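Note that the chains take the letters A, B, C, D, E, F, G and H in the order they are written out, and that residue 1 is the start of every chain.
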Amino acid sequence: IRSGFPEVVYCSGKPDEFLASIYQKLYDENGEVFGTRASEHQYEIVKQVLPQVVYDPISHILKIEKEDKEHIGKIAICSAGTADIPVAEEAAQTAEFFGANVDRIYDVGVSGVHRLLAQLDTVQEANCVVAVAGMEGALASVVGGLVSNPVIAVPTSVGYGASMHGLSALLTMINSCANGIAVVNIDNGYGAGYMATQINRLAVK
Amino acid sequence: IRSGFPEVVYCSGKPDEFLASIYQKLYDENGEVFGTRASEHQYEIVKQVLPQVVYDPISHILKIEKEDKEHIGKIAICSAGTADIPVAEEAAQTAEFFGANVDRIYDVGVSGVHRLLAQLDTVQEANCVVAVAGMEGALASVVGGLVSNPVIAVPTSVGYGASMHGLSALLTMINSCANGIAVVNIDNGYGAGYMATQINRLAVK
Amino acid sequence: IRSGFPEVVYCSGKPDEFLASIYQKLYDENGEVFGTRASEHQYEIVKQVLPQVVYDPISHILKIEKEDKEHIGKIAICSAGTADIPVAEEAAQTAEFFGANVDRIYDVGVSGVHRLLAQLDTVQEANCVVAVAGMEGALASVVGGLVSNPVIAVPTSVGYGASMHGLSALLTMINSCANGIAVVNIDNGYGAGYMATQINRLAVK
Amino acid sequence: IRSGFPEVVYCSGKPDEFLASIYQKLYDENGEVFGTRASEHQYEIVKQVLPQVVYDPISHILKIEKEDKEHIGKIAICSAGTADIPVAEEAAQTAEFFGANVDRIYDVGVSGVHRLLAQLDTVQEANCVVAVAGMEGALASVVGGLVSNPVIAVPTSVGYGASMHGLSALLTMINSCANGIAVVNIDNGYGAGYMATQINRLAVK
Amino acid sequence: IRSGFPEVVYCSGKPDEFLASIYQKLYDENGEVFGTRASEHQYEIVKQVLPQVVYDPISHILKIEKEDKEHIGKIAICSAGTADIPVAEEAAQTAEFFGANVDRIYDVGVSGVHRLLAQLDTVQEANCVVAVAGMEGALASVVGGLVSNPVIAVPTSVGYGASMHGLSALLTMINSCANGIAVVNIDNGYGAGYMATQINRLAVK
Amino acid sequence: IRSGFPEVVYCSGKPDEFLASIYQKLYDENGEVFGTRASEHQYEIVKQVLPQVVYDPISHILKIEKEDKEHIGKIAICSAGTADIPVAEEAAQTAEFFGANVDRIYDVGVSGVHRLLAQLDTVQEANCVVAVAGMEGALASVVGGLVSNPVIAVPTSVGYGASMHGLSALLTMINSCANGIAVVNIDNGYGAGYMATQINRLAVK
Amino acid sequence: IRSGFPEVVYCSGKPDEFLASIYQKLYDENGEVFGTRASEHQYEIVKQVLPQVVYDPISHILKIEKEDKEHIGKIAICSAGTADIPVAEEAAQTAEFFGANVDRIYDVGVSGVHRLLAQLDTVQEANCVVAVAGMEGALASVVGGLVSNPVIAVPTSVGYGASMHGLSALLTMINSCANGIAVVNIDNGYGAGYMATQINRLAVK
Amino acid sequence: IRSGFPEVVYCSGKPDEFLASIYQKLYDENGEVFGTRASEHQYEIVKQVLPQVVYDPISHILKIEKEDKEHIGKIAICSAGTADIPVAEEAAQTAEFFGANVDRIYDVGVSGVHRLLAQLDTVQEANCVVAVAGMEGALASVVGGLVSNPVIAVPTSVGYGASMHGLSALLTMINSCANGIAVVNIDNGYGAGYMATQINRLAVK
């Protein structure tokens, strides 16, 4: 794997038999396998061929992970509300699967900025920060102003009305006036976890 | 004036002769006159009939104001960047013309949240806070989380690219997860100053 | 509670166990508890732990409220069509829970403007007016032109076709040419009721 | 002319020589000629070949009209603000050129609904009403609720910020909950005057 | 009924008991009753109180209509594809209920323009034409160019992908370069039938 | 040139010196040179180095073309209004420069469908048809329904209000219900001429 | 059939009885019948009247095809991801039904450009290339740069978040800087297969 | 400077006197000063107080830079077309000013993918890649698939028609199916250069 990253399964929409066989194949090749956006039903399907598979109903991650994996560096994952946790966890567990240490700083939305400031040290020490927020998505700018290392912003589809399924949060983050912020797709915790891992590895190397 | 507010001139696009005569008429009736969105050229036009008229090139307000006007209560006007000051000043001078005391807390954008926290007392004491911001417009949410009184959010057209002339900031503010925030049109400092005055009067009465 | 407002539960999407425990906890702390966007199913869940909980299938409010609560001042809640009543009731009951007197002026949409004029006195006496409307959302402008106190406009997702789930009504309200109007998110009766309460308290104090 | 309507020149963007020759040609054929969206410069150009041509800088109509033209029926043209008058006049003068009687009811925007009610009789007597409004465009719904005959709604590009050059007013009008309203393009006074004339003729015949 | 039109029930979303009682009440008052957007289920509900009620599963109209109603004038209803027929029928039956004669010219979409030309006489004789089309919505322009009387254009939500649930067809129709076209909301057959009836009555009177 | 097409210059925005040198270079290599979107000023610049260069102020094409070029096959270019001619000419002259015979069928917009039908034979004989239209863009569908060969649809930015600079016409064309239509970018006459040439060559070969 | 193409059934939304009878009728006339967007349920319905009908659950094509049909020329169908295969197959089977030879080059998305380069010869030999891609839709530009013959680009609704159900891919393809690309509606494999067949026939003739 | 980055001046829109004094102040403090989005006129203004200031009319950067600055690591800046170079240079010179080595790989748009492949080694060796592209913005995905280190994607406003001033390119990049890509605002070369420098420093440390 030239990129240094194992292949990850995007489970959503995969037919049952296809999913089972791809999990089997990747497990045989790598001794572990990691998939995102899996449903409860897909868990049942894969469990039939790989009984040791583990499903997290929060992040919708379905995986078999090698034990005693070494974790390096530090990534901080901040999220605004409790409803953003599924996306934050997709980012966090992706980064952990790829071998990074992760600090979770959840429920620190900007309508109560002291909650974030209370954990400032943890955020500032990370090699890369992932900021996950729906609704107005303002968390990324506040975090970006507080840290010196890069921030990956993840808009989420949390919200209603003019949140337009995450488009408002995406626009907020793309227009951020803070330095050192770049944005991934709505709900793309996986993509943020991946890029944070790339940066964390460069920092540790 | 049943509403308790004098008529205000929206200068933008008014033909020269019409503008001059409306300023003359309102001045004759009230002994003062207040207009927004005036150009340098319109200042020259009105000055010919009312030499005492005063023009502020920042806020684009063109006015004759009675001296020794009494000011009551307290409104706080927060703005994110220096480029938002014209809109903030439109709000501030509108509220002052309508008889409110105004505290200006400028350049406290969320990418440096400590600048806002440093002036927290002033913001919290106001009967109403106006939060003016372009680009990602996140200021309103942070302010909303820090104060107990109502916040009027004003998106500005400051920004470029995906700011879409203020639409992104408007969406951010409408989606705010903080309590006690309502939003006016892009660059509508006047409207925010008006409503803040209404609230301030109710509080003082 | 520094803000003077008790915490409110946003029920939508909360897992069953989590919802039950948060209702229990808030009830234990405050002797009352108030939640919005609750489903019939969530009512059943909470009733198991707090049998005295009351559910309103119109507003989707799920609450236990202290008896003999004092109500102050006056807020008027106007709504355009019968389909907007759920949002209007979310606003009204929120304001009442927070201790305000509320006048309901429903079904006064602008396609029959005499219905609104017939109740003009009630609307004009309120310290704050909430205007709730979907489809073209024109109610806010008409109300804004008739009253001297602030108007909180709530667009609703009522409509079809080019109503775009409330975006058209939101744009109408944001562009209002009447003085003293500010807008909250689509269907955000809670937010309007909250801010109306803030203003009403300032007026009564 | 099978349709019963003479050809009208859309002047905007027409090259000088082309414009002059088309005016000459239509005048030779019909003894009169009517064009919309003409500039001051185009007036000068056409005046050189047809010195009797008349230019209205408000409506931007450039025409030679037969004298003693008979006018039939009645069309009412309502407009919201003074800035909407150019579009209202395009509608009014178009209808008059096509032979209709026109009543102008201007500056009756919904933020002061009594101004419209004061002229209710005139509006209700017309065979067709044209409602012209920018910003939030709410006039059409209020008018539609007050009259029994058809209403043609014309959104205008008047406004700023979230008015999006008339798109907001267009959406408002398309979503109207009043009966008997249909909408033409932004600033299309000509189109509204045309259709109002068609209806007025059917009513008189 | 000052407007000369009986009240029509918009069934969609009405609770069962409320719907039954409103049908009962209107039937008692007028000896007939007419509702749009009714579901099969709502038909069952109303049939229990008014067994003579008739349901059309195509147009979703639920009605009791007086016998031997007189019909006047002529309205032509053109539709583009078979999938647009539900909306065309909503328009047609609305106009018939209100006492107009209706000619149906269906399946004459512009990708086969000779189908429309083959029925040109019928279309040209009508006092008003309703043009119903989804997808690219081009029918309104072609019809508008062929007839002298007013055209009411109804965009439908028929289509997929970039049709955006009817917004594309709406834009097409609003931008029509043909004279004498105005547009109602997406899928609003009722509104078109109503306004066509107004025009037809004026023509017959 | 593997693709069989010479390089074409997109003049818009190119600095003067750069433009002159690129024209010189391409002329030296090929004995001819072809550029689109050239301004009058750019014509003057290039004329200084290549006096034989020819500028067409309608299409904004700036070129030196070999004499006695052979032209093959047949492409038909239809346009809706006179304002669409610049884009139609960009397509036509591009195809001619690349060696195709072109038939121009201009001013055949759908609001007068008989103008198009009068030239049906010419359109049906072409190997490929380019349909150019702004405003509602309905021409492509009507043409598509009349011919058996492929249609390239070109939306133009002609229009105002809800035409949104060509986006409405683009959406109309993309949603066409006629068979055998594909769409290029707004005002992209060049792209349509290019692809029509590719198809024409395949047909002749 | 003047166009040289048999009629194709768009099954989506057709009532059961209507679908069965149209299949029967077309089969009787032509000895074969071809429909797109059919559901499993519709397959069962049609099988009752035409037991030999064949259903492909991937492409959702439901057909009876004549045996020993001759196929001519060559069309290449490229697709980006496995999730785009249903649309690619709709294009491929449409072209095959219309008598074209088709080469399938699937799973050659631009995030691994070597996969496409590995099959470059096949793509370059085709008379026409169909490029099918969702998410960012970049495949069309890369293919367009590699081949000399026309490319029909098909955006798909594959993706999430800011893919906006295919609108992002559509915009990508319409803005392509490669020569010789035109675009059809989102998920419109049928339309692409149709136009590719037209071009392929012209090339073979 | 806790962040390790000196303050940068965003010149656009700054009043003349203010700009001159801020350049003077920053130069006095740091012995160098760097500003983006400067006009020719602003260059003249600043030159009057700081004659040694250097202006680059391509990138619109206005700076005084210390000599013999050390540069570390390696950033690759890829751009699609020549019209994207101003934005690419804003990124490149920003990164160089902050002390990074930069490789420029320009004019490697995806419509000629071999140009990019020819410089693959350079791109793959960089610690971070910046991909700058307008129109369809597909470069980021192709680059992302070729390198293992993070890619910062910068959409530009280059294009016309449906490019919507860069929004299309932004959407393309946000939807990228390649791993390790995050996006900044349209034309935000500065922001990309900043974040690339952060990553490059982490990699070198």
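Everything below uses one rule, namely that contacts are C-beta pairs under 8 Å (C-beta built on N, C-alpha and C of every residue); 3 or more make two chains touch, one makes a residue touch a chain.
Remember, it's a predicted structure, so these values are computed and weren't measured experimentally.
*Asks:* Identify the chain pair with more contacting C-beta pairs: A-H or C-E.
*Replies:* A-H
*Asks:* With residue numbers as the basis of comparison, which of the pairs A-H, B-D or C-D duplicates the interface of F-G in over half of its contact pairs?
*Replies:* Repeat of the F-G interface: A-H.
*Asks:* Need the CA-centroid distance for the pair chain A / chain D, whole Å please.
*Replies:* Computed value for the inter-centroid distance: 57 Å.
*Asks:* Take the average of all CA coordinates in chain D, do the same for chain G, and state the distance between these two points in whole angstrom.
*Replies:* 48
*Asks:* Taking each chain's centre as the mean of its CA atoms, how far is chain A from chain B in angstrom?
*Replies:* Averaging C-alpha atoms per chain gives centres 41 Å apart.
*Asks:* Mind pulling the residue numbers of chain F that touch at least two other chains?
*Replies:* 161-164, 167, 170, 174-175, 179, 185
*Asks:* Quick check on the complex: what are the chain C residues that touch chain B?
*Replies:* Answer in residue numbers: 2-5, 127, 148-150, 152-153, 170, 174-175, 179-185, 191-192, 194-195, 198-199, 202-203, 205.
*Asks:* For chain H, which residues count as touching chain F in their complex?
*Replies:* My answer: residues 83, 160-164.
*Asks:* Help me check something: in the complex, which residues belonging to chain C touch chain A?
*Replies:* 12-13, 155, 157, 165-167, 170, 185-188
*Asks:* Any idea which chain F residues touch chain E in the complex?
*Replies:* 80-81, 109-113, 117, 135-138, 141-142, 144-146, 159, 161-164, 167-169, 171-179
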